[in-house]
Amino acid sequence: MNYTFKRTIYLNETDAAGVIYFANLLIICHQGYEESLANFGINLNNLVKETDCAIPIIHSETDFFKPIFWGDQILIKIIGQLINETEFYLNYHIFKTEGERKLAQAKTVHVGININTRKRTNLPEKILTWLTLDNLT
Amino acid sequence: MNYTFKRTIYLNETDAAGVIYFANLLIICHQGYEESLANFGINLNNLVKETDCAIPIIHSETDFFKPIFWGDQILIKIIGQLINETEFYLNYHIFKTEGERKLAQAKTVHVGININTRKRTNLPEKILTWLTLDNLT
Amino acid sequence: MNYTFKRTIYLNETDAAGVIYFANLLIICHQGYEESLANFGINLNNLVKETDCAIPIIHSETDFFKPIFWGDQILIKIIGQLINETEFYLNYHIFKTEGERKLAQAKTVHVGININTRKRTNLPEKILTWLTLDNLT
Amino acid sequence: MNYTFKRTIYLNETDAAGVIYFANLLIICHQGYEESLANFGINLNNLVKETDCAIPIIHSETDFFKPIFWGDQILIKIIGQLINETEFYLNYHIFKTEGERKLAQAKTVHVGININTRKRTNLPEKILTWLTLDNLT
């Protein structure tokens, strides 16, 4: 799966140091993941109810190369990959909209769990299909 | 009900203007409300499950008199009042810890609703009792 | 000034009660205000530096009529009005995208202050012009 | 450096899945870092102004082992280590207050930069001293 997400940095995402607060980058990346699913017709809220499968994040990473400021236009390239039938990861490459300076990168790892037992379970079919798609826009 | 809550302002609560982001003051006030309930032995999460009564906020207000900075020690005096058996409000008076400059004030109005019907319902007994308490610390 | 802003509710904006966390509605409204300025060519970050005038919020209000859920499409109609040369307010009317149920409303009051003295000052020309515009999209 | 931080999980830190929103764990960890500095007498806001040295995060990681719910009492053990004179890391081990289930862990890497040039610079003396302390409470 790959998907490109464009965003402006809002005031609430910055801090008194004048740049984006580090953990907010993960929130923005997750919003891109949600938008990519929505664009493919997946409402994650409904999917959980239909399948009894929730998809929590078990691992995340971020690296910051350049400061990101209030009002900056950013572009996030999301690349998703199945690890096995219960698990996938998403890589996020964050650029300035104009030109190609890589500002930051991030990764999240997601697993399927049964919402009643909280044990690992296979990911829903729709998620598997979504993960096979290229140039989703 | 009245309760005093002390807090330091954290970096994530500020923005690029160098002061607290306005909506974060409401989050901090709500944390004081949760702490006041916890101090009285109410776990709101469990209370909802036991009584099928959720207590959403239907109205909020804030007024800012002085800027609040990263690292500031603040003190919030919370005063609660029953309006009727389905509704109460909380007033929040925000001061600097040292001295008596009023930095800001806020208000939230809360109503009991049945979580299945989402219709108004009487507030749980424990909430009514908590609202009658003075100098809860 | 009037401006219409469309948004999906993201997971990070909801809470364990299953609906949008009340203070997050103000954050979303402020993002609409920022987008309206950006659409008119105002970068608030640069404007502050050019004019030494910051525009903090001194008052906010919200009213909630219906719950707002994760994944909901919302539409915010923003109406801005000058109060005097140092002060303006914004009203926000929040609807479901499909149809006309009013979900919530909000208000913010903004004042110009000199960033060095933190005293009231006239709003920048660009803000006054932006406030006169109709059907800004 | 090691420091133990206790916290209750607030409603605003959870999401519609009923547990803590993943990125909020990093915010809570950073609050523990700020509290550890404050306990040692360091106001990071003032330190930046005095030394022209800011200390942004260049890398973060989190691992989640068990769900963390609204109202949960958590205990974070923070262990800090100097890497070289411009760089240190913090490890965070998150437990339930009662007993010893490890719920999650996190890591942040911090570098000193000159706020004017944004180039790497030696960390302030106070930070180096703080990093040598054991059982800071």
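By written order: A, B, C and D. Residues from 1 in each chain.
One rule holds for everything that comes next: contacts are C-beta pairs under 8 Å (C-beta built on N, C-alpha and C of every residue); 3 or more make two chains touch, one makes a residue touch a chain.
Everything numeric in this text was worked out from a predicted model, so none of it was measured.
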Give the chain pair, either B-D or C-D, that is connected by more C-beta contacts.
B-D
Among the chains here, which has the CA centroid at the largest distance from chain C's centroid?
D
Dist(centroid_CA(chain B), centroid_CA(chain C)) in Å evaluates to 23
Express in whole angstrom the distance between the two chain centres, defined as the mean CA positions of chain C and chain D.
32
Counting only Cα atoms for the centres, state how far chain B is from chain D in Å.
26
Please output the residue numbers of chain A that touch at least 2 other chains, ranges allowed.
11-12, 16-17, 19, 21, 23, 27, 30, 45, 69-70
In their shared complex, at which residues does chain B touch chain A?
11-12, 14-19, 21, 23, 69-70
Quick one: in the complex, what on chain B touches chain C?
16-17, 19, 21-24, 26-27, 30, 45, 48, 54, 56-64, 67, 108, 118
Residues of chain B that touch chain D when the two form their complex:
8, 10-12, 27, 30-31, 34-35, 38, 43-46, 69-71
